[in-house]
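Two complexes are shown next, each including chain A; its partner changes from chain B in the first to chain C in the second.
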Partner chain A sequence: MKSPQNMKPWLLSGPAFVLFLVLLLIPLVMTFMLSFNSFSFYGGIEDVYTFGNYIEVLGDSYFYEIFLRTFLIALITTVFCVLLGVPEAYILLRMRPLARSIMLLVVLGPLLISVVVRTLGWAILLGNNGVINELLQSLGLITSPVKMLYTSGGIVAALVHVMIPFMIIAVWAALQRRDPSAEQAAESLGASPVKVFTRIVLPQAMPGILSGSLIVFSLSASAFATPAILGGRRVKVVSTTVYDEFLNTLNWPLGAAIAVLLLASVLVIMLSWNRLIEKRYTGVFE
Partner chain B sequence: MSFLEIKALTKRFSETTAVEDFSLTVERGEFVSLLGPSGCGKTTTLQMIAGFEQPTSGSIILHGRNLAKIPARKRGLGIVFQTYALFPHMTVEQNVAFGLEMRGIPEPDRRQKVAAALDLVKLSHLAKRLPKAMSGGQRQRVALARALVIEPELLLLDEPLSNLDAKLREEMQLELRRIQQEAGVTTLLVTHDQSEAMALSDRIAVMQSGRLMQLGTPFDTYETPKSTFISNFLGKTNCLNARLVSTTGTASTLVINGIEVSGPSVNLLPGDVMASLRPERIDIVESSDGHTEAKVLERIFLGDQWLFRLETKLGELLVVRRNRGRREAEPGENVFIVWQPEHLQILPASRESA
Partner chain C sequence: MISNGRYSLLFNALFTLFMVGPLVVVIGVSFTPTGYLEFPPSGLSLRWFAAILDNPDFIDAAWVSLKLGIASATVSTIVAVPAALAIGREKFSGREALQALFLSPLTVPTVVLGIAFLRLLSVLELNGTFVGLVLCHAIIITPFVLRLVLSSVVGMDRSIEKAAISLGASNWTVFRRITMPLIMPGIVGGWVLAFITSFDELTVTVFIVNPSTTTLPVRLFSHITQTTDPLIASVSTVVILFTVALMLLINRFYGLDRLLMGETK
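The block that comes next holds the complex of A and B.
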């Protein structure tokens, strides 16, 4: 029998646990079960257990293409977030307090606007008759509009815009723990500003880059609204495919199988990425 | 011409003046401390020498080279920071090798110099460790090796021992002095710890409110402070308001609290002065024999010595006595005190700002 003292942590974490159970674990398990059921146009969902859906997905190059496109979009988004976010976080940290809090608000701004509204904004910018094409045409730089809407490139641009705050915050948190005099020490030892950044700051930002890229990659790989609006019907990614299977084809089991495969592959990619970085930069991880 | 010459160095921030008209010369191989309370401008001075702050005016000349236009990374100074500032993602060896690498020293040479530097600070056995797996004292020595390996013309130490506990600090003081003398490097130490400054330096520069107040050997500064501030800052002292009645070539006469006391000859005009008497210069005796009467108010045992607070006709006095393993006067007891007239330091009357 446990004493009341020992029960306290359980009682206190109880509500959160129930919430997780009801809203996350149960739907996940049910999706997992659903993915083994079969589906026919006339009989609907049949309560049998087969690997049929997985065999269908894994045997069809159409799905491979969608998965590959999804991960490429997520990867390129992550790379851009690292390239833009890391220097930005470093610059932010070195600003004066007032300028810093204003700039931080600018950086976090995108998170305050609904993803749909923001994405529609991008659609206005990127369309064939959109702001960018109109401007380039009126400047005489191009004769016919450059196709940007309904391309993977357009999706990446909008995703980077949404995801970059996560990268900046993660890198910011990692860099805040550093000792700023280490940079002065490196300088006094003869390191140029570039060397100070690449040899001293960057390695110390690594834990932040790791956690930031994990967040950005997984959110980009499973993003729905942005690819749905900017990709249209032509540029399909995994999440929009799942949506179509559930709501257009009504083939829930196949949709569930694709969703499970997405979850599993994102997990595998994240875990191996984590391993790789932690091995390479042992010193900075506590 | 001196090795390091600092001339009329001044640093003003938007509202405050951190350093004002600071001049100092340091000879090659010398160990000089900048000593002062926090906010006295000593760290700003160090930062200007290092090249991390730009002076408002004045010049710094090292070995005939004016440092004004030279960026920090080209000054070639060895700096040990208060926080050690080790690179957390590099091993001890890599930390020490960093400066050599930046100078483009080839691998075999580099390895040899790193080994020699680690040997100097006695850390050869920990070369492959990461800083986080080391104690404070060890990190301190890595920082020292990293600064020394580039064979700097000048070694700057910014409160290097303040993060160590008392016992380790004493050990490191001896160690630091040994390493400095073995390396033969000209050294400037910034500290607020008077015992550290006295133990390590050839000369001490006492700073207050951005100005250099006194410069001299530790012994001279301790024995003949120029003001009550310095007298108080360098160890304990009893400061008494006094009036200088007369002074001749050999002795002087003062009145403290209505009592006539004799002191050493002094170069001051008769009038209000401060008399300072170090607690360890006062002796407690049992026979009256013309000595000053005193009553023990408090007594503290410090192991190697006793600290007394006495009430006398001159005012309250602190007295330190070496523990000789004998019974000492207890609180409430009446005793007599005596001191040599020449141990009384006569200083100009202190003004709050001085």
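The block that comes next holds the complex of A and C.
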């Protein structure tokens, strides 16, 4: 028999635990089991257990291409978030308090605005008769519209816009703990701004860049709204494929297998990334 | 303090354009007097805002989203506050596993959560019901509430509680009169962030709605994938203005940086 003191934390977290057990753990197990069921067009979901769905997905170059495209889009999005987000976070930290608080609204605010709305903005910008094409044509830079909507490039542009606040938050958190006097010392000894940035700021930002990259990559790999609106059926990614299997083809077991593979690959990438970070940074503070 | 150089300010200006541009375009397009998406608009007209009133399905969807956000943020707060008190203060075996479980919806791809909820709700025959939506949204938004409440629980000074206990206050009185007021900023911040997250949620919701419980993001999404007309832009403009108003309110009373980045300074 446990003493009342030992029961207290479990009583307090009991309601949340029950909610998560019933609505998260059990459904995830059910989905995992569903992925082994088979499906026929007339009979629906059949209560048998096979590796058929996994063999179908892993053996088909169509699905292979979708997974490859998804992870490439996520990777390129992450690279751009680093290239743009790290300097921006540093610039923000060096601003005067008033300018900084206004800029924070501009940078972090979009995070709270619906992804559907933000992606609509990109659809208007990228279309064949869209803002960017019209502008380039009126400037005489191009003669016919450049195809940007329904391309992987268009999806990357919009995903960078959606994900970059996460990178800035992570880098900001890392840089905030830094000691600005090191930069001042370097500058007073004649180091150029570029040198100060690459030799002093960047190493201190590194933990933030690594954790921010992880967040951006995993969110981009599983993003749905942006690739669905800007890619449609023409540029399919894993999440839009799962959506089609569930709500159009109605082949739930196959959709579940694709989803399980997505979850597994995201988890593997996250865990190995974490190990990499730990290896790199243990010992630094000892 | 080192200030920003010319190139830094140029970079910042271009970055601002990148962040704000897509939103400005949506707002601009919504004022067009024509029947198609054009930017900049050839005139200023409120035609497409008036059109919202003729489309009850958008208004109905907005009501569903509003009620869903309030209900799920409240359910989530009710279960997350005691859980945060347990995780933040007590030492017990399983504490870290419990915290990892409550934060896990942030790690699992949303599309996986969507089909998992769909599977559960169709077995329970709750698919498409409002109750089903509330419960599923509560799961997705609990990590946000937990994190903010946890940070105020951990940062709290416990000496006032001890004083109250030594003066004979009951557990419930201590919680109601001392603990709760002290962690209130975290609770309010968490509730608001949870509400906004639920209000904007698409990927999970798209799997578990039916026509009578369609939320605003799902309505917008299915409209965009079928046609693009200025109506979609005017509805989006209303969403942007609503979110910005909420954002300014949070910024005034809580601090947007604190809400999204945790305690700073």
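The criterion applied here is as follows: the second predicted complex is superposed on the first by the 270 of 286 C-alpha atoms of A that agree within 3 Å, B and C clash if a C-alpha of one lies under 4 Å from a C-alpha of the other, contacts with A are read in each partner's own complex, and residues count from 1 in each chain.
The rule is simple: a contact is a pair of C-beta atoms (placed from the backbone, for glycine too) under 8 Å apart; a residue touches a chain by one contact, two chains touch by 3 or more.
Treat the numbers as computed from the prediction; the structure is a model and nothing was measured.
> Considering only the touch criterion stated at the top, classify A:W10 as touching first (chain B), second (chain C), both, or neither.
It touches chain C, and chain B stays clear.
> Check the residue A:E187 against both partner chains and state whether it touches chain B (first), chain C (second), both, or neither.
both
> Would you sort A:I277 into first (chain B), second (chain C), both or neither based on which partner it touches?
neither
> Tell me which partner touches more residues of chain A in the superposed arrangement, chain B or chain C.
C
> Now for A:L250: first (chain B), second (chain C), both, or neither, which partner does it touch?
neither
> Applying the document's definition of touch, where does A:W172 land relative to chain B and chain C: first, second, both, or neither?
In the superposition, A:W172 touches chain C alone.
> For A:V146 in the superposed arrangement: first (chain B), second (chain C), both or neither?
Neither partner.
> Taking the stated contact definition, name every residue in chain A that is touched by chain B in one complex and by chain C in the other, in rising order.
Chain A residues touching both partners: 184, 187.
> Which residues of chain B touch chain A in the complex?
The touching residues are 50-52, 72-79, 81-83, 85-91, 98-99, 102-103, 130-132, 143, 146-147, 150.
> Which positions of chain A touch chain B when the two form their complex?
Contact set of chain A toward chain B: 178-179, 181-182, 184-192, 195, 199-200, 203-204, 206, 281-284, 286.
> Which of the residues in chain C come into contact with chain A in the complex?
Checking each residue of chain C against chain A gives 1-5, 8-9, 11-12, 15-16, 18-26, 29, 37, 39, 78-80, 82-83, 85-87, 90, 92, 95, 98, 101-102, 104-105, 107-113, 115-120, 123, 135-136, 138-139, 142, 196, 199-200, 202-203, 206-207, 216-217, 220-221, 224-225, 228, 232-233, 236, 239-240, 243-244, 246-248, 251, 256-257, 260-262, 264-265.
> Under the stated contact criterion, what part of chain A meets chain C in this complex?
For chain A paired with chain C, touching residues are 6, 8-10, 12-13, 15-17, 19-20, 23-28, 30-31, 34, 84, 87-88, 91, 94-96, 101, 103-118, 120-125, 127, 131, 158, 161, 164-165, 169, 172-173, 176, 180, 183-184, 187, 193, 218, 221-222, 224-225, 228-229, 232, 238-239, 242-243, 246-247, 252, 255-256, 259-260, 262-263, 266-267, 270.
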